[in-house]
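Below, chain A partners chain B and then partners chain C, in two separate complexes.
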Partner chain A sequence: MKLFTHNMLTSKMIRNVQVGYPLKLCASEVKITPTDFRPGFLSKVIPKIDWTVLVEAVNSVGNTEPLPPALAEDYDKNDDFLRKAHHALFEIEIEVITGEMECPETGRKFPIQNGVPNMLVNEDEV
Partner chain B sequence: MSFGKRPELTAPPEFFYNEDEARKYSQNSRMMEIQGEMAERAIELLELPEDESKLILDIGCGSGLSGAALEEAGHYWVGMDISDAMLNVARDREVEGDLILSDMGQGVPFRPGSFDGAISISALQWLCNADKRTHKPVQRLYRFFSSLYGVLDNGSRAVFQFYPADQGQTDLIMQQAKRAGFNGGLVIDFPESSKAKKYYLVLVVGGKSNPIMPQPLTNIHSNSVEYTERPQDRRRALAGGKTKSVKDWIQDKKDRRRRQGKDTKHDSKYTGRKRSSKF
Partner chain C sequence: MPLKSFLFWFSNEQSGFRFTELESIFRVFRFDLHHYRQKKVMGPFVLMNLPSEDHALKIMSRSVLAHSCVELWSIGDTLNELHDNFRKNLEITEPYVDQRLSLKVETFGKTISMAEKVELIDTFEYIPLKGPIDLKNPELRLKLVQFYGLDPNNVPEFPIKSFFGRWIADGQRHLMAKVSLKDRKFIGNTSMDPLLSLLMANFALIKPNDLVYDPFVGTGSILIAAAMMGGYIIGTDIDYLMLHARTRPSRARAKHRDLDESVRANFIQYGIESQYIDILVADASRPMIRDDIRFDAIITDPPYGVREPTEKIGSLKSYKIKEEHVAMHIPSKIEYCLCDIICDLINNASRRLTINGRLVFWIPVSRDTYEVEKLPSNPCFELIANCEQILTATASRRLLVMEKIREPDESTVTIMDSTALMYRFKFFENDGSKTRKERKKHANQNYGKGCKRGQLLPGHTDATDVAAEVQLPS
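Entry: the complex of A and B
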């Protein structure tokens, strides 16, 4: 699972959960997979990203260079910034067998198995 | 997909798409070709601006065949599927998109406005089935469509290729999609051909309540998939084309039951005989 996906996932499908965001990420091992850097695409994706959540996620997995704490104003022209964002969003992969994400409201845990988060909930939870 | 029977009537999707079934999606070239073609058509129906990479949600992404079509079109995708085995195949194929294990009937677990579009190949009809005692198709369809409506950007589209069992299913799906706020309708490709006929549900977020639908394809072009005729009754063909008499049929059936160790009535001169009119 890439941090981009973590930035988008919610636990809103659980009954009575209002926002379900951000999911608390607990994972210690990561794998870095280089992917194509596409600045045009990236500058369109960044407005959709919750930057604070991304910074926290990067910090929580550790082991890598921290991100700038705030979104640069000229992000679409700032190549250095875009490269860092690309790395954080699309190259850091959660590969662990024991990782999990936690719903901020109910504390329900979503395990990450072989890099795939399991977002299935029981029928009585929806 | 197995021949004859609709797969959604045999088992719930997380059981039907097991390791054996999943393997077909990486080895059966005919299946892969059809899935790929349907995905390409679905992407075309999204009518995205050309030469722009978009974020697409693939619902029921399976082994990532539709994802491959998205990658080819230059888009980034995130896929969700309920079958672990299918997602394992996708992971082994090292697809570019990210994968999550989730049930579409429980809703789409993303933030509002996350995606520029969504495609789904051969998945929607599964929602019309109640596989568990607690499953209510109407409720699951509505939960799915309303959460999908939320995660799509304004003006974007969701295209579903699906196999409706009958008109009732199509109506049910359309009703719930409209109730969730979508506009749109059906595009039926090759409506004249019973084999090449394909249903695409094109849903639009916002815009006019009766948007102009894309034109369906009508001519089966030469590079489409060849279908071979299936014999009408395979069992009869195997038996050399002869029809068994009623008596033989009953006798065979009784022998089969005995071989299976089941409780069977003994054979007598009356076995397989017509009842007398006085009876």
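Entry: the complex of A and C
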């Protein structure tokens, strides 16, 4: 699972959860997968990103260069910034069986197995 | 700017999808739709006047139904008329006067011999081109195309139309072979046919850098096509075992699935891994993505309840799962009626899509009760196209292309008449009185025990023909 996906996911499917965002990320093992750098796509998605959540997610993952704390104003022209954002959003991946995300309101855990998050909730939670 | 004439030669496959594809490509490149509306159609040929060659090249860079495009130099009802027209227009050959050239004769509706072709080529002696003939590596490819009509039982002696011109480009039909299901790493029972997936991606107007979502992703076959058009993809599916490739293998004679099978493995196989964002195990009927995220396109093939079950998380009883069981508990699922699936899909898409974003999806319909008024409608969407793929005498599926025209409010609802849908019981014509065990026993008595894997069933010529299998409904 990439941090871009984490940035979008909520636990609102659980009954009585109001916001369910951001999910707390507990990643025990992280893989870096190089992907093509596409400034056009980045400039398009960065406005949709909750930057604070992304910075926290990068910090919680550890052993990688921290992101600038705030979104640069001229991010679409700042190549260095875009490359860092690209790395954080699309290259850091939570891979291993022990990775999980936690609902901020109920503490419900969503495991990530082989890079695929399992967002299914049980029938008594819907 | 003076317009040039172009001849687009379409494949005779899925001809009902032809014009939706062409119009969609015009929309992708923001071409003036006026040129599209002025088109002339003759069997598999479409003639269009376009402002530049670049327009034609761009159309061919996306089309999977057009197989070639020719800049039209002359046209005629008879060969003599074609020559007369061409003689008036010889200055068109000027830029190519010294190029190495080839001239090919192609026919539609009749096969002609090599000698006849040579005879036809000889009639072009008067062309003022000085370049040498080079059949292997020509700079200028000339084509004479002859159309003998569409009725194979009544082929005329002479062509009813002849076209002559300069070949410009072939379409994207080679992509079908590239993403063929026969050698794809990870396939399921209902993986979408490559041609139809590519068409869906075109209908959904997928452009480079689009964010594309499939709520019933399965093995990701539709998203592969979307990624080939430059889209970035996200998919969800409720089937945990499918996404982790732990279901029974779908390939004939395969005993087990490989350990490295996954949706992602397919993207790696085709060299488009960078377009892959994520696939999640999730129940598409429930919200799991932030409200302010917008997709550029949603393309999907929902389960019809025939070959894939229609299910969502839930239970008819009310209980609390005991603490000690939670860790290992597999959520129970309840029936999710096809009509609800489609209404939820459209309602969710109305909130999730950008304005002018498209929702492209299949619905199975019963052919005898289908009427166009019964199709689902929602005030946020305009129905752009509705193409039929016939499955059996009584069942077909329709590809609906809907474009979001405005944002929803509290009062927007999807209206749908469920009587047009093909339901499971209609497909199997089951009276409902028998249990599964009884039906199986009945089938064994009537048709004999099922064949061993790899053995041919009566009436089947090729057990490995995956392509034939995917034509069945999911």
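One rule holds for everything that comes next: the second predicted complex is superposed on the first by the 126 of 126 C-alpha atoms of A that agree within 3 Å, B and C clash if a C-alpha of one lies under 4 Å from a C-alpha of the other, contacts with A are read in each partner's own complex, and residues count from 1 in each chain.
In this section, a contact is a pair of C-beta atoms (placed from the backbone, for glycine too) under 8 Å apart; a residue touches a chain by one contact, two chains touch by 3 or more.
Just so it is clear, the model here is predicted, and its values are computed rather than measured.
Peer 1: Aligned on chain A, chain B and chain C: do they clash or fit?
Peer 2: clash
Peer 1: Tell me the contact category for A:38 with respect to chain B and chain C: first, second, both or neither.
Peer 2: In the superposition, A:38 contacts both chain B and chain C.
Peer 1: Pick from 61-69, 79-87 or 349-357: which stretch of chain C gets in the way of chain B?
Peer 2: Stretch 349-357 of chain C has C-alpha atoms clashing with chain B.
Peer 1: Does any part of chain A touch chain B in one structure and chain C in the other, and if so which residues?
Peer 2: Chain A residues touching both partners: 1-2, 4-5, 8-13, 21, 35, 38, 40-41, 44-45, 48, 50, 113-121, 123-124, 126.
Peer 1: Where on chain A does chain B make contact in their complex?
Peer 2: These residues of chain A touch chain B: 1-2, 4-5, 8-13, 20-21, 35, 38, 40-41, 44-45, 48, 50, 113-121, 123-124, 126.
Peer 1: Write out the stretch or stretches of chain B touching chain A in their complex.
Peer 2: Residues 52-53, 55, 76, 78, 80, 82, 87-88, 91, 96, 98-103, 106-107, 109-111, 113-114, 132, 134-135, 143, 147.
Peer 1: Can you name the residues of chain C that touch chain A in the complex?
Peer 2: Going through chain C, the ones touching chain A are 208-209, 211, 232, 234, 236, 238, 240, 243-244, 262, 264, 273-274, 277-283, 286-290, 292-294, 313-315, 318-321, 326, 329, 331-334.
Peer 1: Using the touch definition from the top, list the residues of chain A that touch chain C in their complex.
Peer 2: Where chain A meets chain C, its residues are 1-2, 4-5, 8-13, 21, 33, 35-36, 38, 40-41, 44-45, 48, 50, 90, 113-124, 126.
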